[in-house]
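As structure tokens, here come the structures.
Each of the two complexes below includes chain A, the first together with chain B, the second together with chain C.
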Partner chain A sequence: MQVVWDWFRWLYDTTGINLTIFYDAFDRTRFASGFWMTVKLSVICILLSVVIGIIGAGIQRSRYRIPRTVVYWYIQAFRNTPPLVQLYFFYFGLGALLKGVTGPMVTNVTWAIISLSFFAGAFNVEIFRSGIEAVPRTTLEAAESLGFSRLQTYLRIVFPLAFRISLPALNNNLVNLVKTTTLAYAIAVPEMLYVSSQIWSDELNVPVMMNVLLVAYFVLVGILVWIMHRWEKAIRVPGFGV
Partner chain B sequence: MKRESVLPVLLPDASRLVQTALRERRDGWRVRLRASHGGALLAVFVTGCAIAQAQVQAGNPSILETIWKWTPLLARGFVFNLAISFMAMGIGSIAGLFLGYAQISLLSPVRKTSWFVTHFFRNAPWLVLLFYCMFLIPFEVTLFGTKIPIPDWTKATLGLALPVMANVSEILRGAVQSIPTTQWEAASSLAFNRRQTMWMIILPQCIKRMLPPWMNLYAILTMSTVLASIVGVNEMMTLTQRALSAENRPGLLLSFYSYVLLWFFVYCYPIARWTVHLEARYAVKQ
Partner chain C sequence: MMDRPAVNKSPTQRERKRSGSDPSRPIVDVADVHQAFGSVEVLKGVSMIVRKGGVVCIIGPSGSGKSTLLRCINGLVPIQSGSIRVADFEVHQLRTDKEKIALRKEVSMVFQQYNLFPHKTALENVMMAPIHVLHEERNEVRERAVALLTKVGLAQKRDSYPGELSGGQQQRVAIARSLAMRPEVMLFDEVTAALDPETVKEVLNTIRELAREGMTCILVTHEMRFAREIADEVLFTDGGKIVEAGPPAELFDRPRMERTKAFLSQVL
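Showing the complex of A and B:
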């Protein structure tokens, strides 16, 4: 590994391209931790938002009116306000209010995760709900006549179909979520953008770090898009869509 | 070969969902604003004002007076947001049309390069592009011996124009692709060459298809101009923060921020409605 690091130092000495994130051990750990924070934020928020989406879609199909209305307004509120405002609301509004209750355990990272998950979750509820509704009643009736229980019908028939229908929209949303994690910068979550800004103010290598950042996000989002498209293709219902 | 449906159990609804998702992937997420959203926002604003009013100490001006006092300053900030959005949209659209046209070129290198550029800027988060322009463009350039200063907001405009460019490029490519192949075939049977087909048959039909997603993109862009507050441009959000710290009174937060949101809602709502209207009008009957 040392050879690689030395090569980057040589690169700096000869060309002036100052990639401290490779040859300087301190910056290397800093950038790596920022990168992992972005990955961690993305993965946790993706999982949580999918869970929120499934639960919300379930509630929207319940026969009680009040929970349905609550979920409806949750969706409207989170779909139609800027995520930056939501982030500020959670961190400066709720976070400050609940400080006495939660103590210092709930950090800005936690608030970023909560806020971003609810943001993406609001879209996911809609996506899953419309996916479930697109499964025809006759299919449910057919399942019932074959002796499937309500739970079995959902797990074995409705969900697999609804998931395939929802997947393209879900992918759009998740890709969007990964890009939105940059906003956590605004509440000082040490993710990739934040760490990079620390590095470039210490090392004064703004242009180089900017390019590193741009390429890093391009690769990160590119990988996600690629995986999701492969998955979409793999499980798509033949002769459907497109 | 057209694939036969193996699983003819799904309703047309399901097919439409997938198609909507694929369209949104190309044109960007759809801004869906309803009048009830404005009502809810107004309710939040009124609640915020009521809470703040209850906390006003004797001798201090009422909350509405305070908001009224700051309104001219905030309005100036809002004009700035609009100026940024207009210019970013203009620059981004023109650049995007060229890039999109390159994406449907017959020359493979041109097509591949422009595809890469488009997706590069589409995959990069807006905030990162904004930072990129804010820090990399110098604060002044020397042109023929005269120093031309580049103010912060110009850089922010360019930073926002980049993602707009990539999105417009993709919208154009999508629109051209959505024109049925029969149109091309009919044109070539009438001895139109490629350029003539493009300019006289395909592109005129594309304009109608591009208009709704283009306006939608504008609504998204307008809402994104507040991102410029993070990099310190004196737009509405920054000025709100300044006003709040100048007032230094508890409880103003909710009323002020909901006030700002209301301004944006009032501006974006007609655009969103009009987009929906145009889309319905231009919808191709199948």
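Showing the complex of A and C:
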């Protein structure tokens, strides 16, 4: 490994391209931890936002009006406001208010996860809802006539179909979510953008770090898209045109 | 779900049992049913009875309420007044999922558009309801499902998805799926209307075989020749009413009502 690090030092000496995140042990650790924080934020928020989407879309099918209205206003609130404002609201607004209740256990990282999950979750509800609406009414009638309960129909028939229909739109939203994790920078979550800014302040290698960031996010999102496409293929049903 | 008008309490378990023991009682009894979607009245006082093992064909122009009548018998659509009894169930009084599931064991429906579950194989489509609704044992259901697919001539297609099957094949899987619930009554709602002429035959053969085995069938159909062949009774509906009813030979050859004559002269 040392050979690689030395090569980057040589690169700096000969070309001036200063990648301290490789040859400097301190920066290397900093950047790696930022990278992993971004991965962690992304994975947790993706999972939570999908769960929120599934539950929200399920509630929208409810025969009761109050839960439907709650979900409706949740979507409106999170879709019509900027994610950065939401983040500030959770961390500085709600976080400060709840300090007495929650204690210091709820950190800025937790608030970022909560905020971003609800942000992406609002879009996921809409995405799943459009998938659900694409399931033909007659298929539901068949399920009803076979005696499936509403919940069984949703879990066994509507959702599996709606999910397949929703996947392409879901991909887009999850890609957006990964990119939006950079906003956590604003509440000092030590994710990739945050640590990079610390590094370029210390090393004065701003242009180089900008390029590093671009490549890093390109690769991260590329991996997500690749996984999602594999998944789309794996659950594709022969003859079920989507 | 739309709200149903309040009606008297459903009969107790014992009452059901007692009344069900009379073998001469018709298995389906529809009495003066009125049904409306909003302000549009679709059924305007329809009455019919079907005896066990009977085959009744309902014919008539589009929009005459044929399909709606089947949906009412199956409890998919609520009625405004009148009564519908299938076996021991007062269909118009069933409210909860649990009550309705009991009805689903008695009466099963096949649709014009097949309505198979596209993400499940043919075999899984047949197995789903007995396993998840009736909570029957998987291996036993599987055996029965394979037997049913064999019966409709599709044993070799058991692992195909609906999207890989022709319309006629899908419809036969749908019939097998309904039969898997071991119903007393089968409802067929224009099951050949969406099929190309060549595959109509294979579906009709399946239904013919069922009727011969003594399955009680109610069919809404435009296949007049088929209706004439298998029906014990043919009902002609128009404008939400049953205009004329009788054995096929009578209704087709010597219709009494002008409206029936006019309709038959168009389609025969």
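Assume the second predicted complex is superposed on the first by the 217 of 242 C-alpha atoms of A that agree within 3 Å, B and C clash if a C-alpha of one lies under 4 Å from a C-alpha of the other, contacts with A are read in each partner's own complex, and residues count from 1 in each chain.
Heads up, the rule we're going with is that contacts are C-beta pairs under 8 Å (C-beta built on N, C-alpha and C of every residue); 3 or more make two chains touch, one makes a residue touch a chain.
These numbers were taken from a predicted model, which means no experiment stands behind them.
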| item | value |
| --- | --- |
| Which of chain B and chain C A:L161 touches, first, second, both or neither | both |
| First (chain B), second (chain C), both or neither touched by A:G222 | first |
| Chain B versus chain C as contact partner of A:I44, first or second or both or neither | neither |
| Contacts of A:L94 with chain B and chain C, given as first, second, both or neither | neither |
| Contact breadth on chain A, by residue count: chain C or chain B | B |
| Partner chain(s) touched by A:L11 [first = chain B, second = chain C, both, neither] | neither |
| Which superposed partner A:V237 touches (first chain B, second chain C, both, neither) | both |
| Partner chain in contact with A:T139 - chain B first, chain C second, else both or neither | both |
| Contacts of A:I54 with chain B and chain C, given as first, second, both or neither | neither |
| First, second, both or neither for A:V206, with chain B first and chain C second | first |
| Touching both chain C and chain B, counted on chain A across the two superposed complexes | 136, 138-139, 161, 237-241 |
| Touching residues on chain C, where the partner in the complex is chain A | 1, 74, 76, 97, 100-101, 104-105, 108-109, 111, 113, 115-119, 128-129, 132-134, 160-165, 174, 177-178, 181 |
| Contact footprint of chain C on chain A as seen in their complex | 63, 136, 138-139, 141-150, 152, 156-157, 160-161, 164, 237-241 |
| Residue ranges of chain B in contact with chain A within the complex | 3-7, 9-11, 13-15, 17-22, 24-25, 29, 32-33, 36-37, 40, 119-120, 123-129, 131-132, 135-136, 223-224, 226-227, 230, 253-254, 257, 261 |
| Of chain A, residues touching chain B in the complex | 73, 76-77, 79-82, 84-85, 88, 92-93, 130-131, 133-136, 138-139, 161, 165-166, 168-169, 171-172, 176, 179-183, 185-186, 193, 197, 200, 206-207, 210, 213-214, 217-218, 221-222, 225, 237-242 |
